[in-house]
Amino acid sequence: MTRHLPAWALAAATSAAALMPASLHAAEIEWLQWFAAENTGGFYEELVADFEAQHPDITVKLVTQPFGKVRESIVTDNAIGVGSDVLGLNMPWTTEFLEIGILEPLDDYLARDDNSFETDQLVEAPLGKIDGKTWMVPLNAFPFVMHVNMGLVEQAGFDAPPSSWDALAEQAAAISALGDGTSGLGMPFSSQPPSNGPILTFLPLLYANGGRIMDGTTPDFDNPKVVETLEFLQQLEQSGALAPGAASRTGGVDLEEFIAGRTGFLISPGVHSSSITSRNPELDYTLVRVPSNGAEAYRVHGWEIGISADSDNKEAAWTFVDYLLSPEVNARVAKASNALPGNLAALDTVRADADATLVKQMDILSGDTPVEEMRQSPKAAASWSLMTEELQSMLRGDQTPAEAASAVQARWMDLIQ
Amino acid sequence: MSRIEISNLVKMYGSHKALHGIDISIQPGEFCVLVGPSGCGKSTTLRMVAGLETISGGEIAIGDRVVNGLRPKERGIAMVFQNYALYPAKTVRGNMAFSLKLSKMPKAEIDRRVNEVAEILELTPLLDRKPAALSGGQRQRVAMGRAIVRDPEVFLFDEPLSNLDAKLRGQMRAEIKRLHQRLENTIIYVTHDQVEAMTLADRIVIMRDGRIEQQGTPDAVFHDPDTVFVAGFMGSPPMNLVDCMVTPGGLRLGGTELACTLPEGLRAGDRVTFGIRPDDIRPAADLPGGVPVTLPVDLIEQLGTEKLVHFRAGPHELIGKTGGRVDLAEGTEQRLAFDMAHAFFFDAETGQRIR
Amino acid sequence: MTDAAAPRHVVDEERQRRWRQAAIYAALALVTFVMVFPVLWMISVSLKPTTETFSLPPRLLPDDLHWGGYAKVLTDPKFRTFLLNSYLVGLAVTGLSLVIGTLAAFGFSRYRFFGDRVAKLFVITTQMVPTITLLIPYFGVIVFLGLYDTLWGLVLTYLTFSLPYAIIMMNGYLDTIPKDFDEAATIDGCTPLGVLVRVLLPVALPGIISTAVYTFLLAWNEFLFALALTRSMDMRTVPVGISMMVGEFGLKWDEMMAFSVIGSLPVLILFMLVQRFVVSGLAAGGVKG
Amino acid sequence: MPTAPVPTPTPDKEDAVTPSFRLPTAAGTPYLFLLPGLVILGALLSVPLYKVVEYSLYDNVIVERNPTFVGLDNYRDILGDPGYWSAGFNTIVFTVGSVIGHMIVGIGLALLVNADIHPRARTFFRSMLVLPWIFTAVVVALNWQLLLNPFGLLNYVLDWLGLITEPLDWLGNPDLAMWSLLVISTWRGYPFIMVSFLSGLQTVPKELYEAAEIDGAGFWHKFWHVTLPQLKPVIFGVALLDLIWTFQLFPLVWLTTGGGPGRATEVLSTLTFRLAFVDFEFARAATVAVSILIISAAFTVLYLRNEARRL
């Protein structure tokens, strides 16, 4: 478990095991996640209690971290040998964690006959093999959509949300021109951690343009589609369609300004619709597919689950994962977050009493291609942070879209050396 | 009341030798004053007796005990500091009772002693004040009271009066003297003020550069100095000290010939330091047995009962005395007499007395 | 001075004094307003629904005060646990730092000894490595000691951060106290420890207070180690609780600010109580300088 | 009694030769006083400190199970990286700027709240002015982001006053970000100086001010010639601590700007964090950490030498 650490740490880990009476109990597992911090209503505590009632021989300890720290915590815990058994994950962390050897390959578990779910019913993106193996399973899924403030759209003289880039550019500029602190669209390109604005806004636009940034696990950023999409961003900026201060705009501010009714459009996960409607019921709100420039693809995001390679209770851990993926439980999890289920067999249950925005997401996205590329990137977090820096510089006018694209490409190549 | 025996005391600060082997023997009840200029080692000696400085060599005994390794509180001493060092957070009573409390004395006894000492020092009305609310003289008395309540075998005073003005200093000096008469403890008292030394001491130890120049009664060190340093240090105004040439008939003082008998062994042409106290230079009329000289008067200082008369003898300036009513004019030639019976001669090189 | 001039002079002086007082109050009010304004804004955010925080024009007070953030924070027992943990850890760290730090500071201030500068350098050096790089190996030590996921682990951790500061600060304050007190107390029969406790500490009270405030706030504000070294909700502190409100999909601005404000109130009151001991004249009259 | 050429009593300078008062008990005494502190620091931190130095000599520590020893390669890489030097430069700007800001504001406010005013008012002002210190860094950072947002209060007020026509992006404009950060850091850090200095002020004997007043000294004169010299030990100690503290201040910078825009506010501590937890290059992070250690240690040796001279 700690074979890469020197003797003192080994002693540390062993004595830790001895000192923690709980770990003597063969079937206590820890579940490290941030979901219970996102949903403070006690849903996950109840879920765990329900599981324990069904499996009296297993206890689950809910270890909740703030989202911004989960990735670091998993690595730190692993280095000391106190990693949790079941891990809440995000797809972009996959390759990084593989290199450190944190994750247990799940292929054997998925191949079992007695699972409560069908593997081919799961949302596909997280299952895609890297190094020939599958490393995580989807708890739920959040497709990226564009949220629309219809009030502003109409005020600017349009009667329908944009579905193409051209329409988006025209409407966004018109909404910014309304003044009084309104903007067409926000680009949250702040360097403040997690500094991931481009993957929230730029990638969905790129995918709707039919572009990609990875070739397998190799960066491929300086391709014409990327440059074209960057040029579109630049055009939006130059026409005044973007909210001012992209370089200090955080995802949080981007969302809040939309909820406050000051932004026409917000490109973000569909899951935001519940916060939008609950926090500002007066907003004339709808959501649409991210405006397309020819392609029908969307960026998919979600909460994933994996098992720690160092876990002493992998069987119990899988029992718990299996429980989470069963259509009935998975439907509950999806509803609790107003998201789509990771197990598509639960889709109908979710749809049954889903709110209008969720139903709309399902309809919009039923035919499009889901894309998630960051999981292939060997250094995802560093990659998007560099992308943020170059995009800031491009929007500031310090470099052209083509220069930005090749700068990102060069720095990414540098990064994976 | 204890005797104090200091033998061959050495103090090193790193490689710097601050004390070069001091020997002092103080009798029980004796008032011993260590005096000397700044840096002479007198405070260091005192602090070594107190136990505030480590002893680099030699021995200190108080009573029958060698105290070298003992902690200050085990030495049976009490000390009064130049800066008083009163505990600012405690009242006068608290300050005075502090050491007694530390020695676990019963409360009633502490109160009795503190009240008694406060009475002696007229501190009774101030007992509940904090030091910040006291005048300089009052603080000084509290500092003394703090030492007295302990009824120690030995009192140590480290320049206790140097922060007071001249008048208070005079008063406190008398008070200390009276206290000593009353308590009869052994006292070591450090000062750089030779007047304090003369007035207070039973024994004066004059120190210079970490060595003892001379020790003895005030009379002895004043009237019979062993070295030119002691001669110059004791007395105010200081002794006239002049480098002279020995002549066949006496001394050449500036341009003037001073006829006198010299100690044996001095021959014409030798250089010698000639010393004479201002009291022994008088107008010729007042001193019939003296050696008469005529010199110009440079400056007159009126002190009231007497006058200090500054004369010029070639390159040298000499001070003499007249009665306060004697009428002298600056700038005039005056006929003076030197009382050569009380003249001193010192080796011009070593400063040692030539008898 | 004529008879007529005397009273006028007094009146002038009085008037001048009042003007001075008024000027000082005015200056204080102005700078305090400027410095405290960001905190007022926090309170404002805590009393607004988040939509209002982001609406234009910005307003300090909403039409209807929104107590939702406070209600949520005050009713959820989790937050009480966070507060209690933070106070416990903060007070324990403060107490231990003061005792251990003052002893060491006394050693540095009052003695010259072999290795004193090396020891001091070591003490300071421990604070020179960015703590984030120490995190992982330090984490190992805490696990080794069996203090993982305990408040004692946090206390010990913050002690390692605060001790060097406590030592250096107390050393500075003790250095301003004349050594005459030590000598007098030694003659009076104090042991060195007695000198420190009975004589120097009462005089150093303002320094002790500011060291205590520093130490407490260091523990109170620390986040990275609090997060890494605990994992049960029962062991978490206020900064961790606050960071939990910064979610993947949005931020509970009203709750976050409400919790910050509520959590800080006792700290503020504590400070109000102890700052009274930061008064002058504690050493007055002790020595003639 | 004749008092003519009696030398005026001056305090004996003999003690000037004495290096320092020693409490002359058993030779081990000072070590006993230091023992608890040194044991705690030594036991808890010497292993981690050693590990950090060791990490810097290996490649792929923590990430790899068997990291390879690479000697000083990491140092060569880091020293050859312009990003390191620009972060170093930013660190100096940030540290020096912050410490100056802390000192000026902290000392100024300490003098102001030390004024002779009603005790209740004094308590009120002192407590209010310490507020910036008692909020955790996350909250401070987020709150300032709100205030400095292009649509935030500051821009609104400046616009209302007619001082600007376009909202300024205080944290997103590379020319403004460091200045904004310095303002935030000053706001956040001055209470420490204020409280420490305020405590120090109380130890200055009133007599010294009275003496200076008799000499006709004004406010500044008293400050320069009485207050500052008297508080030197406190100021030096506090300044050293503040310097070390600010030199590696991490959460505030990271949470406020994340080192951006670009790397305009990247300091060595955020670079260290970025290397460790964004890039998972722990060896390089350790290398930067050791370089910080060396710089700070050199500085501290200078400081201690200077302190020894003052004693």
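When the chains are written out, they are named A, B, C and D in that same order, and each has its own residue count from 1.
In this text, contacts are C-beta pairs under 8 Å (C-beta built on N, C-alpha and C of every residue); 3 or more make two chains touch, one makes a residue touch a chain.
Note that the structure is a prediction, hence the values are computed from the model and not measured.
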item: Touch-network distance, chain A to chain B, counted in steps; value: 2
item: Chain whose Cα centroid lies at the greatest distance from that of chain B; value: A
item: Chain closest to the middle [Cα centroid of all protein chains]; value: D
item: Chain centre separation (chain A, chain C; CA means) in Å; value: 39
item: Chain centre separation (chain B, chain D; CA means) in Å; value: 52
item: Gap in Å, rounded to a whole number, between the CA centres of chain D and chain C; value: 15
item: Residues of chain B engaged with two or more neighbouring chains; value: 51-52, 71, 163
item: Touching two or more other chains - residues of chain C; value: 53-54, 56, 136-137, 140-141, 183, 186, 203, 243, 246, 251, 253, 281-284, 289
item: For chain D, residues contacting two or more additional chains; value: 19, 21-22, 25, 47, 62, 151, 277
item: Chain B residues touching chain C - in the complex, by the definition given at the top; value: 47, 50-52, 71-73, 77-79, 81, 83-89, 98-99, 102-103, 130-134, 136, 139, 146, 150, 163
item: Footprint of chain D on chain C - complex, ascending; value: 21, 24-25, 27-28, 31-32, 35-36, 38-39, 41-42, 45, 53-54, 56-58, 100-101, 103-104, 106-108, 110-113, 116-117, 119-134, 136-138, 140-141, 156-157, 159-160, 163-165, 167-169, 171-173, 175-177, 179, 182-183, 186, 191-192, 195, 203, 206-207, 209-210, 213-214, 217, 220-221, 223-224, 238-239, 242-243, 246, 251, 253, 256-257, 260, 264, 267-268, 271-272, 275-276, 278-284, 289
item: Chain C residues within the chain A interface of the complex; value: 49-56, 76, 135-137, 139-141, 143-144, 146, 148, 227-228, 231-233, 240, 243-251, 253
item: Chain B-touching residues of chain C, taken from the complex the two chains share; value: 178, 180-181, 183-190, 194, 198-199, 202-203, 281-289
item: Complex contacts: residues of chain D adjacent to chain C; value: 19-23, 25, 27, 29-34, 36-38, 40-42, 44-45, 47-49, 51-52, 55, 62, 109, 112-115, 117, 119, 121, 123, 125-139, 142-144, 146-147, 151-153, 156, 187, 190, 192, 195-196, 198-208, 230-231, 233-234, 236-238, 240-241, 244-245, 247-248, 250-251, 268-269, 272-273, 276-277, 282, 285-286, 288-290, 292-293, 296-297, 300-301, 304, 308
